[in-house]
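Here the structure comes first, spelled out in structure tokens, and everything after it is commentary.
Labels run A, B and C following the written order; every chain starts at residue 1.
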Amino acid sequence: MSDNRRTFRNPADEGFATKLVLVGLSLVFLAFFLFLPLVSVFVEAFREGWVTYEEALTEPDAWAAIQLTLTVAAIAVPLNLVFGLAAAWAIAKFEFKGKAFLITLIDLPFSISPVISGLVYVLLFGSGSLLGPFLKSYGIEILFAVPGIVLATVFVTFPFVARELIPLMQDQGTGDEEAALSLGASGWQTFWYVTLPNVKWGLLYGVLLCNARAMGEFGAVSVVSGRIRGLTNTMPLHVEILYNEYNMVAAFAVASLLALLALVTLALKTLLELRFGAGAAGGRH
Amino acid sequence: MEVRINNIRKEFDRFAALHDVSLDIASGELIALLGPSGSGKTTLLRLIAGLDFPTDGKIFFGEEDASHHSVQERHVGFVFQHYALFRHMTVAQNIGFGLKVRPSATRPPKAEIKKRVSDLLDMVQLSGLENRYPNQLSGGQRQRVALARAMAIEPRILLLDEPFGALDAKVRKELRRWLREFHDRTGHTTVFVTHDQEEALELADRVVVMSQGKIEQVGSADDVYDRPQSPFVFSFIGESSHLPVEVKDGAVLFQGEPIGLSEGENTTGDLFFRPEDVVLTDEQHALSGKVTACRRLAGTRIAEIDIANNGHAPFHVEVEVPLHAPIELGAETRFRPTRWKIFSK
Amino acid sequence: MTASATASKAGWRVKQPSIIPGFGLTLGFSLTYLSLIILIPITGLLWRTAELGWSGFFAILTDERTIRALTVSFGTAFAAALINVIFGTILAWVLTRYRFPGRRLIDAMVDLPFALPTAVAGIAFASLYAPNGWIGSLFMPFRIAFTPYGIVIALIFIGLPFVVRTVQPIMEEIDGEVEEAAATLGANRFQTIFQVLLPSLTPAVLTGFALAFARGVGEYGSVIFIAGNIPYVSEIAPLLIVIRLEEFNYAGATAIATIMLLISFAMLLVINLIQAWSRRRYGNV
């Protein structure tokens, strides 16, 4: 063809070199801040082989920490799940004054330092408070005991389920519920057969994130726990103790379990997003 | 600026969007590219703009071969279907953008840009809105901002993609008339894409009817409406009905019977006619069928007629009938086209 | 008469009428739970601070160590949020614009900081960036871990998803026509990106920055391992709260927590203002 022939450049395109640089930059950045840290957890955990790894996890204190973590999550997650459903129902299905303020309040724990989340319970139930000594006289221990850990965990994971459900249920409006009611369904039946199936994937997504945070919470729990080995030590706290004792392999072994939990959470979350679109899983965390 | 399009072909991943299209556009003309979706009209517009590159063929702006010029070098004003206004810029900043991004050697001084923006705002009748953001404007206003922005770079030609597509019916009619006046005043060579034939026929000097990546016909509104050159144009523009016929010894035969029309050469093909080009008749040699429905359409009445087809699904045609002579449903009606065209198979 | 009575009643009504049942139950439960878990404990914190009186409160805040800790927390969070704005935006660009092998995986992994327990991230970063760690050794004699730079590193990790996940959806929404429009008006690719595309992302970038910053200021678990925790140098405010608690200096802990809480509220307000401003001007967030 003619000599003025040039290759056509799409006007909305940067060219290969720029793309390569940007992708390369992103990969290097992620390697330093995401991938290497993640890989290092597993490398350090298996530094002395499988047997040492297994011993670190089956040792009684580690085992107690694992059990406590599971127990705390098993209490905190259902509580916040029920709250999330109730709050989303009230907020998404009704118009009332102060709604925006209520949503802001629900979001509050996201913007509070975890240490403060623990501190508020120390102030409420500690030795200098009114409630603490009163409960103690009845033999009820909150601080440096399991109830305190549960409370702190509930505080930090408070918004997760509600945060996923509110926008989802707002998008869906009230048409389906009104139709069900007009067909003679009761309130519970409407909720059970119409609303819940509509939001189940968003609900699952919220529960997933809530659970990951509940099992992994460190700051808030560390303030209220007292770190009594075998009794009030959760897995993240146990990681800290082992690390501070320079027992690196054991620390990373327990950490690797938590990292695995994070990876499973991410995998399930990605699966949910792929299957049901980002719409089933909107909201910020 | 005249534009010549020579044997343009465009393929997207083996799918041919345009086959060998040629078109000459005279300087100052207002041209409509009309066709159903998928006809290649928007592709052709984007090729003229330089937003896409032809697989083969050339595009000339005047004497200059623009085929290999980038979109920036072509200096065309392009108004996008959804306007593509920059939402973080005010109306004035949107309009001045094309001047601001020029290299310093050709960039007008700030005061001059301001003056030009204000003149353009006058021209599109939006003075006073310069500090609004696009989000704060109505659809019609956004449309005019997009036009002013395209005009700011003193384009050699103006290209509009479905310029009225996103507007409601009333605004659309107003803007259509306004665009015609605007064109007459500025005299820019203008090409716009539309799927709305009414818009194309009313607005354009010449209409380019496209179908399946080919140009079917180029001509004035009268040409494409009164003298359609292909079955596609006949059925795409305006209302029409068609019936399979045969021409034998000068007579047009339908289902083997003469229908009182004469034609030159022997052939088989489709007889096309418009509802308004029909008379009711009592004569023996005519078309006849049963009226299945009758509806009022503005100042006329349209009868839907089924013509029996030997046990197959009947042929369905529509004819205009006098308002004052109501037709009974189910009645056998005889009619004959007064103007028609036969396209050979 | 009836009409006017209803109208005046409607003006006072808290809730719009609806045929859907369960408003009282769900809102009542939500408010009770919210009060017990969040509001009463936080009020307790503010109450304790009020007991300190202005002079007591002020004395703790103007203490040199407190000021230094707050400076470290805010300074490092600001630096990390700034770095995240740059790399987060590049990352969001790469993920929305380019197709390359591994993109899906990277997209999913961006959420790792949301899912990975902070203590795990903490020990991983500490060992990676320590002078003898994989990355730390590359930069010797410049020390990253156990200095404020280490804190910045940890906070980059923590804040990254906030920026990416705020900017990414807005970037995906950008209409391709906008870029083509800029090109037809004569803008080159550089001008299109820097004068058209990036400025339209400003509200999202600001929101992402504010979220990452707010989270960084309060972060505890991932920081304390890598920070070195040297008083006046690399001691963060949340850690100082914990230290004061361990000294049974409740007043000290309370005062620092209150000032951090107030700043969190301010950040929340700023984020809401950015979004309201952006909605007003651009029609969406």
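Keep this in mind: contacts are C-beta pairs under 8 Å (C-beta built on N, C-alpha and C of every residue); 3 or more make two chains touch, one makes a residue touch a chain.
To keep track of the chains, here are their UniProt names: A = Sulfate transport system permease protein; B = Sulfate transport system ATP-binding protein; C = Sulfate transport system permease protein CysT.
Here the structure is a predicted model, which means the values were calculated and not measured.
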Practice item. Specify the contact topology among the chains shown, as one of line, ring, star, complete or other. Key: complete
Study note, to complete from the structure: Counting C-beta pairs in contact for B-C and for A-B, the higher total belongs to B-C
Check your understanding: What is the distance in Å between the mean C-alpha positions of subunit A and subunit C?
Key -> 15
**Study point:** Whole-Å separation of chain centres (CA-atom averages), subunit B against subunit C
**Key:** 53
Point to revise | For subunit A paired with subunit B, centre-to-centre distance based on mean C-alpha positions, whole Å | key: 56
Check your understanding: Where does subunit C touch two or more other chains at once, residue-wise?
Key -> 180, 183-184
**Study point:** Residues within subunit A bordering two or more other chains
**Key:** 11
Exercise for review: Scan subunit B for residues touching two or more other chains and write them down.
Suggested key: 50-51, 71-72
Exercise for review: Report the residues of subunit C in contact with subunit A in the complex, numbered from low to high.
Suggested key: 14-16, 18-23, 25-27, 29-30, 33-34, 37-42, 44-45, 48, 87, 90-91, 93-94, 98, 100, 104, 106, 108-128, 134-135, 153, 156-157, 160-162, 165-166, 169, 176, 179-180, 183-184, 189, 192-193, 211, 214-215, 217-221, 225, 237-239, 241-242, 245, 250, 253-254, 257, 260-261, 264-265, 267-268, 272
Point to revise | Complex interface listing, subunit A residues touching subunit C | key: 11-15, 19, 22-23, 25-27, 29-30, 32-38, 40-41, 44, 79, 82-83, 85-87, 89-90, 93-98, 102, 104-109, 111-116, 119-124, 126, 128-129, 151, 154-155, 158, 174, 177-178, 181, 187, 190-191, 209, 212, 215-219, 222-223, 235-237, 239-240, 243, 248, 251-252, 255, 258-259, 261-263, 265-267, 269-270, 278, 284-285
Revision key, fill the gap. Touching subunit B in the complex, subunit C uses residues 175, 177-178, 180-188, 191, 195-196, 199-200, 202, 281-283
Exercise for review: Using the touch rule from the top, collect the residues of subunit A that touch subunit B in their complex.
Suggested key: 2, 4-6, 8-9, 11
Practice item. Flag every residue of subunit B that touches subunit A in the complex, lowest number first. Key: 50-51, 53, 65, 68, 70-72
